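For reference, the structure I am asking about is given below.
Chain IDs A, B, C and D follow the sequence of writing; residue 1 opens each chain.
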Amino acid sequence: MLKLKLPIIVVNFKTYVESTGLNALKLAKICDKISRETGVSIAVAPQTADLYRVSSEVDIPVLAQHVDPIKPGASTGGILMESVKEAGASGFLVNHSEKMLKLSEIDFLINYGRQLSMVTLACSNNINVSGAIAALNPDMIAVEPPELIGTGIPVSKAQPEVVTGTIEFIKRINPSVIPLCGAGISSPEDVKAAIKLGTMGVLLASGVVKAKDPEAVVKSLAEALLE
Amino acid sequence: MLKLKLPIIVVNFKTYVESTGLNALKLAKICDKISRETGVSIAVAPQTADLYRVSSEVDIPVLAQHVDPIKPGASTGGILMESVKEAGASGFLVNHSEKMLKLSEIDFLINYGRQLSMVTLACSNNINVSGAIAALNPDMIAVEPPELIGTGIPVSKAQPEVVTGTIEFIKRINPSVIPLCGAGISSPEDVKAAIKLGTMGVLLASGVVKAKDPEAVVKSLAEALLE
Amino acid sequence: MLKLKLPIIVVNFKTYVESTGLNALKLAKICDKISRETGVSIAVAPQTADLYRVSSEVDIPVLAQHVDPIKPGASTGGILMESVKEAGASGFLVNHSEKMLKLSEIDFLINYGRQLSMVTLACSNNINVSGAIAALNPDMIAVEPPELIGTGIPVSKAQPEVVTGTIEFIKRINPSVIPLCGAGISSPEDVKAAIKLGTMGVLLASGVVKAKDPEAVVKSLAEALLE
Amino acid sequence: MLKLKLPIIVVNFKTYVESTGLNALKLAKICDKISRETGVSIAVAPQTADLYRVSSEVDIPVLAQHVDPIKPGASTGGILMESVKEAGASGFLVNHSEKMLKLSEIDFLINYGRQLSMVTLACSNNINVSGAIAALNPDMIAVEPPELIGTGIPVSKAQPEVVTGTIEFIKRINPSVIPLCGAGISSPEDVKAAIKLGTMGVLLASGVVKAKDPEAVVKSLAEALLE
């Protein structure tokens, strides 16, 4: 299994026009370049249809945004873990607040991911859910209060107790799980605050994808991790 | 919009190991080769993660197995129509019995597909549902009684009245919709029976994907359309 | 099967506090009283848990707001058609915009409803979907553009062409289906406009449930049907 | 909030014909009678539409089989917690394997249930999921390997390590949660084994509902708890 270098910046491409197809490739190359130049660990999560194209041309880790809780077989339209792995993904997000899953599905995906040597980055919407997911033993958990996603208001500033509460609860239930900070992250200050609270990195999307100058933003975020 | 040549054989790759990743590419190349050699229209429907890789290397039409009823934006994990289009798909299946959709979603996808010049191949599970979908104006409808899918028992033989009933109901509601025959198709006889009943082609999966010699099977099916 | 008298006013209780439990009973009795006094046909659709209590104490038709596409068996938590029938419902809404269903589920429910002699009132969100549902042969179809639901802006005024388009498309596909008008209905004028456009009644909710004086509103709506 | 007396037998009526409508009432009365005669704690979980009718006529606790993760408002067809409470339910099952929920929904329902003083009995399909749910703090957790449900093969005999593993994991994460044993329970021996393994009761369905003589079965199960 790929061992992600920490701390890490994970850029979720979502389904924005600015990060679809050729645009996904361009954005991933920017992240790849900044990671190489700064030495900071950056991973990208493009859409399923863009995984092969992106992973063929960058060296940084590529994660799928979602996989379906299925095994190979007759599941027309399903996103099979084996397919995203062969398309170059070394892991996947699970239970993002825009793609929430059943508890038993999260459990299945984390286990099956481990069998296939895929890194799992689970998302949680509050402290208790972070603890619940920790019991399922993913590699990482990003806590993201849904009401802050896409707002530019960082959880690290608006609700720091959610971040620290998550870290404590995770530590008590399963200390091997790595906590990340999501929701509203867009500036170097947000990144520094997230690290200061005790997380090992950030998960963000619109702050980079919708930026006028994504390269400048990614660079500033990476440099914040160097200080 | 791509104008599919009729009659047509559509091969659904589903999520079988035999048609994932590199295997998807091999199978698509076989279909491409047979189509070129025989002049028979063949389309392939690989998984989302394989669309780019497959479409980059074949000339036959490539369809997505499914797209989600979303527009560009914040839909982490969603399969965006724009993404599969840019990955080389010229159309998509909608409402396959293994990925059934809400009625309003089918309506959305058919309309949005037309706006993006994507061919729509809707699946139905019985005569009435075929009629209902015809009212939504897709390009093609494949009728597939779910209990026959993957059985090797062709609907054209087991329930020919479902096929002819579908054709009649579609014709009455929306004569521009092209009827196809799915479920249990695996032999040249099945293809001929489907055409004789009045359909313009077949949708099949395991009959090709799980065959010991897929090339021989695809060739025999194509030749059945030449007679 | 119960033969509903037309034209009809159908009051959907949704899950408002004002129409839950004892409040559901009070509101249903108001509708029962006005129906008796005016001779106008009124039906009520309380929540599943309130069906027995309400139907035991009123004479007007009681409809379920939803039933699940299941048959008797092991479906913990499912809303079984047989259970709402035995609780006194003589029919049910299907595919309300707040509970949209898969196409094949709508088909199942309409058929199974007919087998159990239950009246089916399907909801559609636009003209094409109205036509699609007509092919499935429910007893009634209420067209409700989702963007108008709960607004107090009646579809009969804001988008009369959706209502007349629905009526025409239904008539062409299945003239036995009775068209109703939903979405934004709250005043006697809205009811009259709906009838004038060619529907046989209205489906409404907040206009009655959230009214300061529900009895006065129901009475005024009923009287609008008498003119 | 109702304080359930332990140990307890919880009878899930599911959606069987034998436990719908009038049959639900009869079965609940049998459980009520045996509970009174033996002094053993028994709760029943009838369908939503039967809650009012059943709770009006028995003294034992009545649980809903499911409630939807909604608050009062415009959710046509939803099962509102307030509605089942007013219909006489003093608690509800959550995440039964036949009605599995999203993790965030389970979290919502347990919290909202506590606010409304409703007892929550969560179901889990394996040890890890039991631990995850314990972090969400329900009143009880019943572990039920799905493959054993309805088989008559008791988990206490087939997979005792799942039961003991669940008890240990729950105790470590949240010792206030009460463990129950589900799946395949049908005989007095199964009940005794479940108690011996450390659970505080059983959740069962077909073993009682589909029995030729439900009263004799309920009696024998209750007596097993007296020994």
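Following the convention adopted for this analysis, a contact is a pair of C-beta atoms (placed from the backbone, for glycine too) under 8 Å apart; a residue touches a chain by one contact, two chains touch by 3 or more.
These numbers were taken from a predicted model, which means no experiment stands behind them.
Interface note: subunit C and subunit D, two copies of one sequence, contact each other through mostly matching residue numbers (shared numbers exceed half of all numbers used). Distances between chain centres, each the mean of the C-alpha atoms, put C farthest from subunit A.
Measuring from the averaged C-alpha position of subunit B to that of subunit D gives a distance of 44 Å. Remark: subunit C and subunit D have CA centroids separated by 34 Å (rounded to whole angstrom). Subunit A and subunit D have Cα centroids lying 37 Å from one another. Shown for subunit B are the residues that touch two or more other chains, namely 97. Annotation, chain-chain contacts: A-B, A-D, B-C, C-D (touch as defined at the top).
Considering their complex, residues 95, 97, 100-107, 125-126, 128-129, 131-137, 169, 173 of subunit A touch subunit D.
On subunit D, the positions that touch subunit C within their shared complex are 12, 14-17, 20-22, 45, 47-53, 64-66, 70, 72-80, 82-84, 86-87, 93, 96-99, 149-150, 205-206.
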